[in-house]
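In this document, chain identifiers A, B and C correspond to the written order of the chains, with residue numbering beginning at 1 in each.
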């Protein structure tokens, strides 16, 4: 489902004397349907960078990132947009939404974009919010005012609203209590069971051990510094 | 599938000074494209050339018309172009008063485009006007009020209703949230997102507000000195800018 | 004897105006620009109509001038005297005897014939003006037949008053093409715009001439669910009893007394001469005419 070959990336800082900072070289990764792979490595090793490149958020300098049929490293913006709507979901650590929009609509939006009838989309959103223990009285409020843990759960609900064939999870269990952590891990297991290919960053070792089939240490892809 | 809009090598000069030059892109159905840049970067000139308000010196602006497929809007006859402007195209001005008839009631403002394409039944026109006022969250009992009696945010929403009532496929927006309070901006952004999604609209939005494009635009073009210096997916351009100017632009934004 | 050239204007100017008139007749409803002259009367007193009349008059013509239907109001009397002095043409108050009628704000009740010319005084010739201030834009709208805006005006009327409240200068479409302002005639007169006589419209300050050739199709704009109505006061003439003429309301005292009388004074006079008497009328005597 997700195949990464010989991927490399550097940042060029034009406003700081044109400094070139290589951050990744020769990355390889293969994730099949139903697989869950954890990215490991110390902070700054490039876990988030790799996730963002797969999502098309960062540009690749060389190599291939195949998600389904689409090579994200080369695809036109509109192909990546389609990929993100239908195939590739992303649960980031930060909630970025239009202020004022009710939580219920924020979670239903990925379904509405795909043309799901409003009733069905909202029903699915409400079911997820209930499962993630977001009190019903908050559903009609904007999540921008919520606590960190609540925002994180809204993010997860949004990411799992549509049954994406491929999922990127950035610290999905961080800042969650034991009950909600359990709900999220169950959601991940269900996604695996329906055949989703998942790449995740988990600092929570127990969670990693429970849902991940393999671990990939991205330190191996880090180019030698000050080369 | 055919792009809704194909722009090839568009250029506009003001005497020896460059307004915009060498602009080419395709816009696909349902896509929202942002154009950012500082004042004087040529983004408004480009929008005016695309929307047919300003004749460019060079280039093609090919629109996929309903009846005849892709046509160069710069070489089509003026009646055809003006017909396009009040049916399949819409233009949302930064200042609502530029896009509204301030002496005409809200219902008349929304109904004008319907009457311009031949609607001659008062009752039906009024029903549609009230329906559209509802969609932009203006109460039905304001239908006979003039825009002067509306707040800035309401005027802007009325302008949007007036533009979208004929079900256009392409909307040009010039700083649609400029000059509005932050809370009003958010409401307008939410409304625009919903309309774009529900109507399958394509849109080209000129703004200097990077937060606006992040929330509204799928794709982004960055302009400087009349040229496009960078384009791509909105979040990619903002989070991993490749060009020095874009890096400067992104790093200059105050974080809240 | 007069030292004026015939009908005041010099021959070159009259020729220029006749060209504009011919063009206007060739394109019914289209506003033809012309080089309006200073006349010895202020703008707003009929300078456009006077110039058109001057260009049309011949020594054999018989002239009638009316203002709001009346031959004896200041404006009508002044213009009639002007042409008596500068063209020495015969004048009349009888509609049927006139070969050229200059009018302000009315069409005579008696149907006109093919050998008559009706000249209108026009204050603002552009029907789109009140909604679109730009002349460049309104000309383009005429050229491209973009007349949706005209209906916006009628829409506003209905939304504010429950019905089309425009009572005069009611816009019309000419031969399915140009939208035209028929000058501030009451909309009661609109159906008469399709007639046997030539109709010429002169706007002096705005420097425009437009025209309706005989038997031109003229349709008043409306909505399917709010059709055009040629309304008048729901009353008969108190002097002659006519129930088919446009009426003026006349306040007769300070105790609420009032009467409705024909705005067309010649029509009323002729009816009374024929023996018709209204509710407050007295038997007709020749001397009172």
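Just so it is clear, a contact is a pair of C-beta atoms (placed from the backbone, for glycine too) under 8 Å apart; a residue touches a chain by one contact, two chains touch by 3 or more.
A quick note: this is a predicted structure, and the numbers were derived from the prediction, not measured.
Chemist: Please identify the chain lying most centrally, where each chain is represented by the average of its Cα atoms.
Modeler: The most central chain, going by mean C-alpha position, is B.
Chemist: Name the chain whose C-alpha centroid is farthest from the C-alpha centroid of chain A.
Modeler: That would be chain C.
Chemist: Just curious, how far off is chain B from chain A if you go by their C-alpha centres, in Å?
Modeler: 31
Chemist: So the centre of each chain is just the mean of its C-alpha atoms; given that, what is the distance between chain A and chain C in Å?
Modeler: Between these chains, centre-to-centre, one finds 76 Å.
Chemist: Centre to centre, by mean C-alpha position, how many angstrom separate chain B and chain C?
Modeler: 46
Chemist: Show which residues of chain A lie in contact with chain B when the two form their complex.
Modeler: 11-15, 52, 56-59, 77-78, 80-81, 96, 98-101, 112-113
Chemist: Could you list, by residue number, the parts of chain C that touch chain B in their complex?
Modeler: 131, 144, 146, 148-149, 151-152, 155-156, 158-160, 223-226
Chemist: Inside the complex, what are the residues of chain B that reach chain C?
Modeler: For chain B paired with chain C, touching residues are 78-79, 82, 86, 101, 103-105, 107-108, 111-113, 115-117, 120-123, 125-126, 143-144.
Chemist: How about chain B: which of its residues touch chain A in the complex?
Modeler: 28, 31, 183, 186-187, 189-190, 193, 197, 214-215, 218-219, 232-233, 235-236, 239-240, 242-244, 247-248, 251
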